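Read the structure below first, then the notes.
Chains: A, B and C, in written order; residue numbering restarts at 1 for each.
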Amino acid sequence: MLHDLFEILSFQSGYNTNVVLLGSGLLGTAGGVVGVFSLLRKRALISDAISHATLPGITLGFLVALALTGTGKSLPFLMIGSTLSGILGVLLVQWIKDNTRLPEDSAIGTVLSSFFGLGVVLMSYIQNLKSGSQAGLESYLLGSTASMLQSEAEMIAFSALAITILAILFMKEFGLVCFDPEYAASRGWAVSKIDLLMMALLLAVVVIGLKTVGLILIIALVIIPPVAARFWTDRLGLMVSISAFTGGLSCYLGAALSALTPDLPSGATIVLTATSIFTLSLLFAPKRGIVAVALRQLSFRLKITRRRALLSLDKGPASLTLLPSLLLRREGVINSSGELTSQGKKVVSLMAHDQALWNQYLSDYPEEAFAQNKWSLVMITDVLSFDLIKELENSISGQNLSAGQNLVSGPLKDIS
Amino acid sequence: MDLPLADFLQIDFPALLVACLAGLCCGLPGNFLVLRKQSLIGDAMSHVVLPGIVVGYLLSGTLDTIPMLLGALGAALISALLIELIRRLGNVEPGAAMGVVFTSMFALGVLILEQTGASGVHLDVEHALYGNLESTLWFGLNNWSDILSTDAFEQMPGSIRRLGLVTLAVFFVIVIFFKELKLSTFDPAMATSLGFNAKYISIGLIIVTATSAVAAFDAVGSILVIAMFICPAATARMWTDRLSSQLLLSAVFALLSGSLGYLVAAFGPFLLGADYALNAAGMIAVIACVLQGISMVFAPNHGTFGRFLKQRKAMQLPTSV
Amino acid sequence: MIAKLLKLQPNKSLTSEEAKRAPLAIEGLSVSYHHKPVVWDLSFVAPEKGLVAVVGPNGAGKSTFIKAALGLIPKLSGEITVYGKPVDQQRKLIGYVPQRGSVDWDFPASALDVVTMGLYGKVGWLRPIRKSHKQEALSYLDKVGMADFADRQIGQLSGGQQQRVFLARALAQDALLYFMDEPFVGVDAATERAIINVLKKLKDQGKTVICVHHDLQSAPDYFDHALILNVRPVASGPMAETFTSENLQRAYGGRLAPSELSGLVAMASE
């Protein structure tokens, strides 16, 4: 079994399988690249409307091909049909959004359910035709690489490659439009044309992916890889690369697994491979992964807790809750009966001084302190220059001498 | 075309009833989803119930409804949780988070179904997508008067009984919590500050949505579920600015598209001389959207054509005065 | 769970008599946003009867302060009491006017519906709205001069009219303590006057209004107390004592021109 998988993965099991694998890998890459832009343009679910909207096109394409050539399963006809009805679906979503009070999500839902419904009705019509060649249309619902012809696989591979190259060529323009379309327009970029190209590439990915992944799950190809990549980086170039890699790898692996066990539907296998990569990213990505976020949250809470506890001890004996008292006891700041140790006194006064400096910084340099992300989170000496701290210290002692009337350093009691 | 009454009562009447009930039980909560800009939660829910149903079936080993319902409800709640988690941590739009979760869950459902051989017994993916409305049969109905007999009641198909109960429950929940739903949909912060915790109300709405999706999904498939969550409410939205009338209108549109859609699918081809029926769930979705399309154009205040006429009138008035 | 364990207890609880009577007493409140403290060690006692302006530069934690005080967002530490009891037990005494941008104006609700929502807290869970409630709501709409628009869908009102509907809703809550988040932003002159009238009426009835206010110029005119906030509380108290050039300088730094500063101080001391 493992040996077989290795054979498939290393392109040693026949030309046909190799082309299918290559085509799937390239398709995943194209989906990953194009998906990044549709995610950043906040259009992830438009692709759901597009993919469902292709069904009536597929069935109509089938009927036209049947009438003209005698057999319905002609890929060019099906693709032209699905492209046309996909375009119609996008236009309809746009029209509803622009011309009625309905928000985009309702527009998407309306279009996807009505087009899909129409497609299902047409399919039930085709099933009742007595031509006998209706079999195979179902494979567009959930995808099937098993029945894929060599020519189909080659076509998918070439188209996917072309889409990827186009998207990478226009990366700068796409990024600009995603980030700030109004600014881009003001700088003379043809925003609507760039938008149109993005939409066209998205549509192209959906149409060529129908056979492999199926129209129900094809949107996973343009959503899961970019969202997974989002957990790793904040930079566009890197995000595109990670997303392309994730998409390519999941389609390649998924298609291989499905080739190994023919009753594994390729669409579901590909999506679940992508989901596994996504889950790993969700858990372990260093930037936004659950583990990293939880650790950061914990350390932030501990830092704040420790600081607040020390500051409250500075004001006099305080009754601490369980956690801060445990924390400070372990550190040796307080003893088992909750009293300050001699070392603790030093720590407390150091912290009080640090907070006083931070506070002074906030009132002397409100704007700079505001921009300082570590305000009151670390010792001020770790962040600010020596000269500046010196100045703040002078400022504090100066105010103490004049006993500023509005120096707020405790509960405010000046309201009657 | 010649249709014996008994055939109609045994074949078409139960299917019509299921279509209408499914429309009602999804259409009513759909109003709040549309207003909260969460329409696609309905879409997501109708996909994620598949693995729930399959797992429920595998664990219990029977095609009994209760374990499948529980499995589906569990899947729906887990998905809602995951969507929220991904949305927060990944800082991505809710739509993308939803897309990740529901495609994964659906793929999982398909895979388990294919791998365990559960498919073919009763469950299969196509059934999950567009239901089998047509297979609901109510034996023992030969006359209209039979409907009220105890005998007929005992023979009532399980799906009608289930859907009827869920629809009734959904109806009462919405009536009883109308005030709370309205407030928390309009202004969640205000609701919370008044002591109606908006978060709990949202979770409650998701549970109601999931329950409706599960109950209707079984009978009519996911495609009709999505259409009924969105279209009746969206259509009603074109005609009124009052929430209570919107709910009422959405119920009317749900019933209208349910019955019209079924009748067209079942009898349309016969009228044209063919001897087969079209897929009813798909046709109902199409009819629901046609109704919505007509409303989006011709509704007096919010339709595009209606607005256009109004504007022209407003433009003409000053010159003629 | 961890968050709860870690929650700090303040070293002193609010036991003073003054704090017990006060409409709002806050002790050692700290709130963070995205791992950065935005409100730090804020202690504040609101005056009985009076209009308090919460001022401070952008991002100084003004809205955060109000939301934390209302219990709408979690806090890192601190204790908040309303008339001596935790906020959750006193919801019926609190009215809230959120920022106008935060709601969907296309919502199927009339002006009267929105005002009626103010009564929901009093009506409670599950109990339906009756005719008498609608009557009551109408009387509040009348107070802000909007009775004629009761049946209008809220999206078809002007920005100022919408704000007045919100105000009527706050009145309907019949609270003792009001929080308002920038009610004067983006309203016309008529609405501004209407808001001022309502504020005055509330004050005359012995209520307390705590209001995030962006416009320093008008603050001394409209309010009689101020809380100047810049992450930490800079100063609080009666307007004339609080709006000193030193305090404002410490909150705003270079963002306030010297000429503006002296003008403000002169206005406040009048």
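The rule is simple: a residue touches a chain if its C-beta (ideal position, glycine included) is under 8 Å from a C-beta of that chain, and two chains touch if they have at least 3 such contacts.
Note that the structure is predicted; figures quoted are calculated from it, not measured.
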(request) Would you mind checking which pair of chains has the most C-beta pairs in contact? (result) A-B
(message) If I average the C-alpha coordinates per chain and also across every protein chain shown, which chain's average lies closest to the global one?
(response) A
(message) Taking each chain's centre as the mean of its C-alpha atoms, which one ends up farthest from the centre of chain B?
(response) C
(message) With centres defined as the mean C-alpha position, give me the chain B-chain C separation in Å.
(response) 42
(request) Please work out the Cα centroid separation of chain A and chain B, and write it as a whole number of Å. (result) 29
(message) Averaging over Cα atoms per chain, report the distance between chain A and chain C in Å.
(response) 37
(message) At least two partner chains per residue is the criterion; list those residues in chain B.
(response) 37, 237
(request) Provide the list of chain A residues touching at least two other chains, using ranges where the numbers run on. (result) 101
(message) Under the stated contact criterion, what part of chain A meets chain C in this complex?
(response) 101, 296-298, 300-302, 304-305, 308-309, 311-313, 315-316, 318-324, 359, 362-367, 369-370, 373, 375-377, 404, 406, 408, 410-416
(message) List the residues on chain B that touch chain C in their complex, please.
(response) 35, 37, 176-180, 182-183, 185-187, 189-196, 237, 240-243, 246
(message) Under the definition above, what is the set of chain C residues touching chain B in their complex?
(response) 67, 70-72, 88, 91-92, 94, 96, 98, 102-104, 107-110, 113-114, 117, 120-121, 123, 125-129, 153, 173
(message) Can you tell me which positions in chain B touch chain A when the two form their complex?
(response) 34, 37-40, 42-43, 47, 85-86, 89-93, 95-100, 103-104, 106-108, 110-111, 114-115, 125-126, 129-130, 223-224, 226-227, 229-231, 234, 237-238, 265, 274, 276-279, 281-286, 288-290, 292, 296, 302-304
(request) Flag every residue of chain A that touches chain B in the complex, lowest number first. (result) 39, 42, 44-45, 47-48, 96, 99-103, 105-106, 108-110, 112-114, 116-121, 123-125, 128, 138, 141-142, 216-217, 219-220, 223-224, 226-227, 230-231, 263-265, 267-269, 271-272, 275, 278, 282, 288-290, 293
